[in-house]
Each structure stands twice: as structure tokens, then as C-alpha cells.
Amino acid sequence: MAMLSIVYFAWVREAIGRDEEQVERLDPGRTVADLVAMLAARGGGYAEALGDTARLRAAVDQRFVPMDSLIGEAKEVALFPPVTGG
Amino acid sequence: MAMLSIVYFAWVREAIGRDEEQVERLDPGRTVADLVAMLAARGGGYAEALGDTARLRAAVDQRFVPMDSLIGEAKEVALFPPVTGG
Amino acid sequence: MKRVAIQAEDFDVGGELAALEALGGGGVASFTGVVRGGNGLVALELEQYPAMTQAQVGRIVDEAMGRWPLLGVSVIHRFGRLEPGARIVFVGTASRHRTAALESCAFLIDWMKSDAPFWKKEHFAGGATQWVAARDEDAVKAQGWDS
Amino acid sequence: MKRVAIQAEDFDVGGELAALEALGGGGVASFTGVVRGGNGLVALELEQYPAMTQAQVGRIVDEAMGRWPLLGVSVIHRFGRLEPGARIVFVGTASRHRTAALESCAFLIDWMKSDAPFWKKEHFAGGATQWVAARDEDAVKAQGWDS
């Protein structure tokens, strides 16, 4: 079964308590926001980290994307706070 | 008798063949342009270097000034081409 | 010349600039970012998204080289734990035109400061920590280059 | 920190920048001008007006420090005979604000390039020489900062 990697950074990573995990690949019609809602529904650190999408940014296969982007056939979704640069 | 130093730079210096000379201090009503005309009237390298004031720039006591500035009680007048910086 | 380095180690600014000077363009501009102290800060911890950083920085360097007539660009960004006074980021640009060198340097550092995939965590005396929030002004500044 | 040096000798860019980094501002910008080769140029000879140069450069540095919130400025300009690849001029600025560091660096190098009392003579292979003419574009650029 095809899997999707999810990677977390900064306080998203800290709240969830891990920096990477694998989930079953979603229906190609699902968006990043759908994935975030699905993960937040787990409660606990997930709800804390992912409950407010306004505080989150995402990348699909190492490209920044808006939350309503389709995940499609991507291999990796990254969820993180707005970057703070150098 | 009070003297005025005149200093020359770049091709003005080369055409005149010296980098510095002393002249008697002029009447306080005289301008830099008057001094230039007086020197150019000597002919030779002076005429070559100082004949066309549009090609010249000046400083009085180490301050850039327009050609119609009064020399007044200044101690040093510098005559040179437009600067070319670094 | 195009050099992008994402590294934990410090770097030699003089050496980076000498390589850019040697390209023969006549003008080299640079910006170096250093960890600022104050408010009891004992260290800044920089986290990155390694799979993304090198590619993203490379892409923005290509964009700068397309926009300005540059002979060389060097970008270095550090990650890990950095104490006040430590260098974080360096951008160097070489061109025959000083305006091109200066403007592209400003463009690149604006992008590095607002869009590069790094996150900063402040460590204070006594053990308190805090993730630095993104500053809107940086995003606005970087967008100013889009048009 | 304010440093103005008019000298024949080369200088250490890394060392100059390290002194500016040490001021704690967080941002250091620089521009280095290097003699460009080409067209058979074997050397550039820089003549200055010594009684004027140091004071003039000091004055423009003071002006930059009044206009931007700077912690330090370093300006170095060489005179004498310089071969292609040699450094001619350096401007470094340190600030808490990277825009201030970058803008003041651009302001100072524009001034140095258009208004500093230096004259350049080109020496070519075969012995020909030519005084470099002032470029109008430099004067226009420097004036752009007046308002």
C-alpha cells in the first residue's frame, strides 16, 4: 500500500512529539487542509499543533503550497509554523 | 605679503607641469573663475589646462565650490578635473 | 560561480569575498547576519527542513542571477545552536555593476530572512525557550521584489 | 565605531567585517571595489587630494550615521598604482536593521564613486595612458540620495 510521509518542524514537531511519520496515501482529491483536519482529530498534541491552520504553513514534496492544495500523488507533506529565516 | 596656494591634480597638474604654486593673494572680490582666467592668460600649459572652465572643478580651502565662488581670505585653491572616485 | 552552503560550521567571510573578487567583475557586495544578544539570550537554535533548504536557496539564487547581471553569488546559512555574536547567514554577490551587486544582495537577504525554510528557537538564561514568530514586515519586504 | 582610512596598502576585508560584526548589531553590509582588467589595462593609478580626502570622507560617513541608525562604518580607499584584481575601495556598515546597513552602504559607495576627490589614470600595455573621465551616471546616482 502506497504511503505518505508527513514531516513536522519547530513547535509543530515539539507538540506532536515526533518529526516524521507515515500514513496511508489519501484519496487524490484530498487537500493539505483535509490532511491537517484528519490529524488534528487525533486530539492531544496533534490537536494542539494542528487545530488552527492560520498558524500553519505547508510544503508538498518540498514546495511551499497553500493549505487548499491537492496532495495528489505526492510522497511527502511537511507541516510547520511560518518560517523565520536567518 | 599674504600668499595664496594653488594646487593642481590629474591632467591639470600634468599640463601645467607642477602640482603646487604660490601667488599673491587676490582682491577679496575675485572669484575662482577670475583666478582661472588670470592663470590661463599665462598661455602654454596653463592655457591648455585652464582654458575651458566647463572641464574644471575647484575647491577652496578643501571644500568643493562652484567656479563663481569668492576666494575671499582663503589660503588654498585647488583646480582639477571632475573627480572619478574609487 | 554559484555557491550555496547549508552548514552547522562557521565560515570565513574574507575567503568567501576573495573568491567573488577574483571573478573580475569589479564590484562585490555582501551582507552578514549575526546572532544579536540581549534580554538574557544565551543561544539561538536554528532548525531547517534539509530536503528543502538547499533546493529552495538554489532556486532563489538562480532567480537573482536571472534578474541581475551577476558573475557570482555565494549564500551560506548555518543551522544548529548559535550563541550571540555567531554568524548565521551570509550573502555575497559579484557584478560589473555595483547597483546590480547591491540590489541582488538585498533581494537575496530579504528572501533568506523571510522565506528560507528555517525556524529559530531562543534559549534564555534560566532555561526558558521560545520559538521566534515570523515578522510580517519581512514577508512584506520580500513581496516588494515581486513586481 | 567610525573608521576612515586612505592608504596605499591593501587591506583585510575579513578583518574589517569582523570588527563590524563584533558591534552586536546583527547585520553587516559591505561593498568592495576591485580594479577591472580588459582592453590591455596593466594598472590604474589613483591620485588623491590628501588634505581633502580624509575630511570629506569623514563628513559623508557622519552624514550616513545621521541618516541611518548605524553602529559602525568603515571606509577604506587606496591610492597609488593598482593592478587588475587589486582592491580599490571598501565600505562596511553595521546596524540592527539590515535595510539600514544595506542602504547606507549603497549611499556611501555611490558617494565614494562620484564625489570622493580621487582621479584615475589608466596605464595600458605598450605605455599608453589615459585619465578616466567622470561618468555622469555616477553624479546622477549620488544626487538621487539628496532628497
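Order of writing sets the labels: A, B, C and D. Residues in every chain begin at 1.
We adopt the following convention: a residue touches a chain if its C-beta (ideal position, glycine included) is under 8 Å from a C-beta of that chain, and two chains touch if they have at least 3 such contacts.
Keep in mind the model is a prediction, meaning the values are calculated, not measured.
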{"item": "Touching subunit A and also subunit D, the following chains", "value": "C"}
{"item": "Far-end chain from subunit A, centres as C-alpha averages", "value": "B"}
{"item": "Between subunit C and subunit B, distance of the C-alpha-averaged centres to the nearest whole Å", "value": "49"}
{"item": "Subunit A and subunit B: spacing of chain centres that average the CA atoms, whole Å", "value": "74"}
{"item": "Geometric centre distance via CA averages, subunit D-subunit B, whole Å", "value": "26"}
{"item": "In subunit A, residues with contacts to at least two other chains", "value": "none"}
{"item": "For subunit D, residues contacting two or more additional chains", "value": "33, 113"}
{"item": "Pairwise chain contacts under the document criterion", "value": "A-C, B-D, C-D"}
{"item": "Subunit C partner contacts - residues on subunit A that touch it in the complex", "value": "7, 9-11, 13, 59, 62, 64, 76, 78, 80-86"}
{"item": "Of subunit D, residues touching subunit B in the complex", "value": "33, 46-47, 49, 51-52, 55-56, 77, 88-89, 112-121, 131-135, 138"}
{"item": "Interface residues, subunit D side, partner subunit C - complex", "value": "12-15, 17-18, 21-22, 24-37, 84-85, 87, 96, 98-99, 101-102, 105-106, 109, 113, 141"}
